[in-house]
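Quick heads-up: structures coming right below.
Here chain A shows up in two complexes: once beside chain B, once beside chain C.
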Partner chain A sequence: MDELIIDAKNLKRTFKVSQREKTGLFSSLKSLIIRKYVYVEAVSGINIQIAKGEIRGLIGPNGAGKSTTIKILSGVLHPSSGLVKVMGFTPWLEREEYVRHIGVVFGQKSQLWWDLPPIDTFSLNRKMYRIPDRVFRENLEYFKEILDIGNVITRPTRQLSLGERMKCELVCAMLHDPPLVFLDEPTIGLDVLSKDAIRRFIKQTNQKKRTTFILTTHDLADIEDLCENVTVINKGGIIYNGTLHNMKSFVSNKKTVEIKFAKPVTMEMLAGFKLISFNPLDVTVEIKPENGSIQSKLNQLISSLPVRDININDISIEEVIKQIYTA
Partner chain B sequence: MSSFLEIIRMHFKVFIQYKWSFAITLIIQPIVLLIHIALFTSIYKYNHAQFIKGYSLDQMIWYFTTINFIYVFIWNFTDARISDKILSGDLTVDLIRPVSLFRFELANAIALRIVGVLFEFIPGIVLYSVIFFPRFLTIASLGKFILLATVAFLMYYLFNYLLGLSAFLIKSNSSIINIRVTLMSIIGGAVIPLEFLPDWLNKIFDFLPFKYMFYWPVQFFLNKASVSGFTQLAYIFLMQLLWVVIMYLLCKFLWRKAVTKYGAVGG
Partner chain C sequence: MKTTLRLLSFFLWNSKLRIARSMEYRFNFIVGTVVSLLISGVGPLVQYLIFTQTQGYPGWSIQQLVLFQGLMLIWLGIRSTAFGDLKQNTMDMIWRGDFDRLLLKPYPPIGIILTSGFNSNYLGTILAGLAITIMATGSLHLAIGLIQIGLVILCLIFGLLFNMAFDILFCGILIRIVQMGRFNDFLENLLNFSHYPVEIFSKVIRIAFVTFIPFAIWIYIPAQVLLKRIDMKILVAYITCLIIFQLSLIFWNHCLKKYTSAGG
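Up next, the complex of A and B:
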């Protein structure tokens, strides 16, 4: 394996959450005096190793612990226990010095100053991160061109569209040439073109500057486009870690078969097949090769039913993810 | 240091957009001043008094205007800002900056007060002097006031920052903030001059920081005979510094405890 940039062992973070069983005024008054707390483990024993120059995708359902993991790795949250070394730093202990070496974008939060144009935030960052003038100018030119934000950065942030703002957030996170960048849902709520621009930007920067990216997303196209390796997190733990390609076989080697019929069929005629969707003229079934050869199953279909057209597909990445999430 | 100045400049740019809301006191304060003139002129006349509790008529009338100046020098919203950041989870953004929250918020407070001094204090002192001339005022007493008011600004910032840290534990500190304003202005002498309160109470107040934020700087502005010497100035100044050091150390200590409690809510 290449040189590690992140090495995290057995990360845990527990939150104390107050709980009220009933709604209504009485129970909220009661909660002033007696309050029940439950301890929720947002992250329970995560191990993660990331190599330099990698683009790693973190995926998982809402509330799985992705953001908590990113926040611990970026120094924002203190973990309850666990060991982390990122470029020699323990993020939350040496936060002020550590954050000089990373870039962070939280899709739900804004680093830009609301009342001022992004260019003002950029020049503040130049001072805060002590970016040399030449580097600052070169980077800004590069970002302006690749993200097409030349005439955006001088308008007040509050007047920018979400996509324009997100592009500027990326610039904010990367002006100081950090070797490691965390992106927490950077494409949330963006249109196809903006998403494309951001992906292109990540890809090119990764190639040009060997920047390591760690991104969480719910858009699988982001992952398919950018990441070789994915880490799937669910219920505070890692349930898959490896290449995107292998993830499909990790679930199982299923195929979906779409069949169009010349004459209407009934469900009974398809007994023995796992139906995904059913219309009298149009049926999708799932076939597991290990339960018998595909050949015999297909033979059975074609010989006994009025098949007009047939399509055999690999199971979609969405299906795979759905299965992993609900597993 | 240059990044600190740059943060002040950024906040200044934001606040300067709202300069007219600062100047609003220039409309309200003259009315308050006129009421005080009417009130105290008749009180002094009725009592045939030159001085009441050591204040001449001019000094008594200006006491409350000077309190207003103190607020112009020290006021900030750091406690509420920190509480909001914790409730909304926006503190996350502060924590990815290579600057401590302490310095970032201090820059915010400084910029806020620079705009305040430019648009409230400077035109204010001219305007109110036209309405009722402060015969007691000298360049030296004004200079002493500005010095002590500047340190009072630091004290008030530190105090507010400490209150803000309480939000790490109790999330919303708005109730504490409300009590603080009332208590601080009574104990500090912003409601009535402390001479009107019993001696034993004043002795207790001596052990609290608020007197050094309001009462004492005002005494120097009013050029009271009791504070004419250099030793008084040095004493008050050193007491202020002592409070600054105590509260600063507390801030450092509590921040380290508090930040481990941060939950980073909201995405």
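Up next, the complex of A and C:
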């Protein structure tokens, strides 16, 4: 295996959370005196190894434990137990030195000064990370070119679009040349063009500087476009860890078949097939090879119905993820 | 020491950016400065009324009280300029989970908090305080030597440490309980004890304010230094400020380990 940049073993984090059983004023007043607490295990025994130079996707439903994992790995939170080594550091114990070697972008939290142009925040970061002038200038030029933000960084942040702000957030996180970057939902709320620009930036920086990226997202196109390996987290634990390609077969080797008909058909005529979508002239069905060969299933379709065109696809990534989440 | 110097230079950078931000909204900046100047005049006026309508403060003449008021304005101006935005910023950050950002910077987060509270609206108060102090010094015919200036500067430094200790205490508690608006009011009211000469309090409180809970370090002791009425108790006040500051840092580090962030 390639050199590891992150090695986390049996990571756990429990939160004590107050809980109110009922809504309403009486319940609120009661909670002033008697409060019920529950212990929530946000991360429960995660083992994760990430190689240097990788772009690793970290996905899972809301509340799965992704952000908590990222916060522990980036030194923001102390874990309840477990061992973590990132580039030889224990993040929460050697935080001040460690964070010089990482960059973090939280898609929903900005580090840009709202009233000032991003260039001022960049200068402040230069001061904070003690970035030499030459490196600062070179990196800024590189980012300006690759992200096309030459005329953006001198305008007040509050006048920038979400996409422009996100590009500047990436610059903030990467001006000091960190070998490891955590991106927590970097494409949230962005339009197609902005998403594309950010993905291109991640890919090129990964190739040019061999920067390792850990990416959490709910946009599976980010994962398909960028990541070779994926870690799926749910209910605080890892439920899949491996290549994106293998993830599809991890669930099953189902196929979806899109069929176009020359004449309208009825749902009754498709009895025996699992319908994914139905339109009298256009139908998608799911076929499980274990219930008989694909060929015999298709023969059955073609011989009994007025088929005009047919497309056989692997199950979509969305469907795979949905199945893993609900497993 | 290195970290302290870096934080100091970070404070200057931060202040520059905040001034630049104020300039973006010039009208607000001008109005804020004028209002703070007007408000800063209220305190001395109230003190004057108290002094003239009662038996005054034991051991203080009206000119000496004006000096006290001038020093008070300088202190309040410096405090509000350096740390004016600190509490509200920290409350907002912790409440929204934005405090995470500070933990991703290569500095102690409390250092970043303490160096990010600059508020330019109170510069006028410092100027007003300086003007009143210089006037009072003249009318009292005080000969201010280097020793007095040195001691006042030390009072300012240790006073800042003592004030920071309160802010650190506030931020530490905030990390644990997230919201504490009225507790802040309580703390502020507690600090108001420093706005009066300690002679108005009972003997025990008077000694405590000059030594073990040295509220007097901010205004009363510097005034006594300029009036050449100071004794060795000033050293106890300095040392106590340092100890309380250190204790507040220990408390802060303990609270920081319990930080839970906000949901992702």
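Points worth noting:
The criterion applied here is as follows: the second predicted complex is superposed on the first by the 317 of 327 C-alpha atoms of A that agree within 3 Å, B and C clash if a C-alpha of one lies under 4 Å from a C-alpha of the other, contacts with A are read in each partner's own complex, and residues count from 1 in each chain.
Definition applied: contacts are C-beta pairs under 8 Å (C-beta built on N, C-alpha and C of every residue); 3 or more make two chains touch, one makes a residue touch a chain.
On a predicted model such as this, the values are computed, not experimentally measured, just so you know.
Look at chain A after the overlay: chain B and chain C clash there. After overlaying the two complexes on the shared chain, residue contacts for A:77 are found with chain B and with chain C alike.
In the superposition on chain A, contact of A:66 is made with chain C only, not with chain B. By the document's definition of touching, both partners, chain B and chain C, reach A:127. Of the two partner chains, both chain B and chain C are touched by A:99. By the document's definition of touching, neither partner reaches A:227: not chain B, not chain C. Comparing which residues of chain A touch chain B with which touch chain C, the overlap comprises 15, 67-68, 71, 74-78, 95-97, 99-100, 102, 104, 106, 109, 111, 113, 115-116, 120, 123-124, 127-129, 184. Across the interface of their complex, chain C is touched by residues 15, 63, 66-68, 70-71, 74-78, 95-97, 99-100, 102, 104, 106, 109, 111, 113, 115-116, 120, 123-124, 127-129, 156, 184 of chain A. Residues 2-3, 6-7, 10, 13-14, 17, 89-90, 92-93, 95-100, 259-260, 262-264, 266-267 of chain B are the ones touching chain A in the complex. Against chain B, the residues of chain A that register as touching in their complex are 15, 67-68, 71, 74-78, 95-97, 99-100, 102, 104, 106-111, 113, 115-116, 120-121, 123-124, 127-130, 184-185. Residues of chain C that touch chain A in their complex: 9-10, 13-14, 17, 20-21, 24-25, 96-98, 100-101, 103-108, 257, 259-261, 263-264.
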